[in-house]
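Okay, handing you the structure first.
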């Protein structure tokens, strides 16, 4: 992972045209950059072009201060939307959680093991149940319960905590509150949710119960960016596992926990390594 | 598979009670039967008990003529619904298909290879496209097109063909017509459909297009018994495969064909080996 | 899981014969037992019969004190090898580990969450690295390093610790020492190892390096009972995940960690729920 | 697939250096080429660089006659090994088979359905069993049995048939003869085999029997290029499926057939779309 700290990521979206890859990679080469990866994709339906370029930090002539001026001619030529990520400092990932601690524990463990090279400045919950998990990992924990009628106020408090923690991305690690559109607009395509079903199947509440009642032979988990529409944002990662008539709802929940942990961890890793571009409510994921 | 010809299958459903397994297996032992398999399941929500018993034909004292009388005391004691399948003659599987021949080809190949030990007495289609596939396999092919206003008449013709073919089970191998409730009632839990999505996601038409537009990261296929409600019958088997932003709809269709073939073949095998019981719109599958 | 505490498990192995299932289930019914599960399997190569019976504790007339006498007639009639497990007290699982803490963390987390209903009385390591993980979970940690020439002495110390902890089963959660045949004989089919490859591929040391050098397109993990032959004991569970040319050894290790955690946890769960019988260096796993 | 006919593929291998991607993509842009894909990979162990470029045929200024001269400056600058594939005519795939027809049937069906856009000019077998399958598909079938002492002569005949059929690639669709080193040298990295195990586990004969005897919980299939060392060539694709103690060898064979068909078809597709580069006995697969 520390390799990621020494990797500059440049993300690009623009109208498709001839010569974009040549222009971008020539620019990198002229600045002494060693190209570690260059992935691109063209959306055939909308003629949109997407690119992710990974450049070795060592040897690259430009810095955060000098990059923009040098890059402007290329960006303007193709009318690009773009962003650059210098690998350091690492991203600050705030975690929101409710009562179920398995995804939280898993993310904390992956940070500790070095697999996720991120800062986790804060864990916020509407329940006190997971306070110990955060505390043992040395991460500040803030409980902000939601009562009937206090939802808007609670969201303002959470937003203030996130701002104070300088969160780059917000991970809903089984946070069982629907965020208001206003909240979502503060972190466009920077709130990652794990939904415990194979979306679009079983959106909404109690998906394992829904799955049990429908009698499906597989259950799934879906990680997606949160948008104003519930469970309808751009999907980042999904996985599924077989079930049988022997599985009770408790069994589905047990099997599902492992799916949720894996799928959410994968989505968070893809996000913090700047491997995801969003367009038309879909993701382009450069793995 | 020929082993299946020498295996008697007894399927049982009743209220749960103590002593059912003992009563059934004692009955089998008393009749000289060698128990090859005895699977059971209790639905904890409804207190319903399900059992499948597989008995070696050799040595079993009873025959189709003498079984019922001997079995009645056990069946009555527990108020069982039950059926017995003697392995021979093998089941007669009629196939309905429209334009896409991949599932049809696959089923015909599995019969030819001996993997599916069944008779396929007829292939019926509302299009002429797959006539060659049936013909090469030596199976009678009947085209029965559907025109605006002729659907009811066409269904009557199809039912007549199925009756003449003495079909035990009807497989919809990508048959793109919705069957009327009346048609379905002729073959209760004996019509097997393959739907090209991970149900309940993307029910209805054009599921690969729906999947593409939603931007899912996996596609699926679902085999289920047909009921009067479209794509809502008891699910027999499902599988899923990963996709990415690079996949066009054509790619999803290509990947999906393999899923569909595998999932449908599995469902048909489970059915003809009498491994499926249906209750509460769900299946109990004894593999 | 607490359901498991109220479930009695009876495991049986004997020569195949007619009437075994009837005799066993009749015995259970006569003792007022409610049969929760009754799985059996016959090994066609060796004519050996295996059975697992799960009985609801409530209502069953026998106790640990009275069972044997009542059961002897059935056991003798079929010359059975058998064992009974009363669900309480739960099994005592000792964990041996070296430097890598991911499997240890995962097992501790599953116990904490209630998914694994076991006691973990001790964690023993030949390295001090994972002491904190055990300590945070409130489990005694004992370091017993291995030096050149001290292996036999260290094993004696470990055996003494295991005896003092009254371990029922020993889990090697990435314990990188080969156990001596003498050690293994103390816990026949009660030492569970996780090997980080798809055995029998890449047995021995550095399996991810071996996999990388061979250029495989999937990596795997294998959980098995430890026998005197290295990496050759009866396999309990396996899983595999796709890889590509882009994966470095570090990537294989990262992907492998998740496989190892899942596969080991599954094997431990199957063992502590008494779902595994061993014969001919293979496992019969009643899931 | 017909899209592949209109796609030019350029494959490159050379020592890693700065500016390669820029040089290649600039060249393509200067020749009016629309870049459909540009994948690259650097082997960190050997400092080797690999690239696959897909160019839309329409608009590209160069032809098979004029390409080499225009390209030489770039190729020489980086001392490249390279090849170019114009998409038309499609590749000629010869199939060698023994008694088991499932992979042969599957490949023929995929060609028929348009999924594999190739010519299949000949099927050669050392047994007559699959003659009907080839015949029904309208493909010439040649039986060339191997007797004790006639292997060398048979190989010469097969090579003559392949030469007459102008085969670009040879697919061993369960051909149960070991090819001599001399035969292999005629088609370097152009002979694709399917081995019915998860290599390197169970190399050599009777892998399903080996798997059964070892008691593995998953079986696999491996497609690889044939080299002079048996079952040791560069791996192209692998897959695996779960098994249990209930599976007889016949069940493993049945489950394995589906794995083999899928894995071989995938490898053939990757090869004919020029997505594979070989180095150090490993494959780089640009999907």
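Note that the chains are named A, B, C and D in the order they appear, and that numbering of residues resets to 1 at the start of each chain.
Operating definition for what follows: contacts are C-beta pairs under 8 Å (C-beta built on N, C-alpha and C of every residue); 3 or more make two chains touch, one makes a residue touch a chain.
The shown structure was predicted, so the numbers you read here are calculated from the model rather than taken from an experiment.
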Most distant chain from subunit A, judged by the mean position of its C-alpha atoms: B
Pair joined by more contacting C-beta pairs (B-C or A-B): A-B
Separation of subunit B from subunit C, taking each centre as the mean of its C-alpha atoms, in whole Å: 37
Intercentroid distance (Cα basis), subunit B paired with subunit A, Å: 41
Junction residues of subunit B, two or more chains touched: 246
Touching residues (chain side subunit D, partner subunit A) in the complex: 18-19, 21-22, 25-26, 28-29, 32-40, 42
Contact footprint of subunit D on subunit C as seen in their complex: 41, 44, 198-202, 214-218, 220, 234-240, 244-246, 248, 280-285
Touch list for subunit C against partner subunit A, complex: 101-102, 105, 109, 113, 115, 136, 246, 254, 257-258, 262, 287
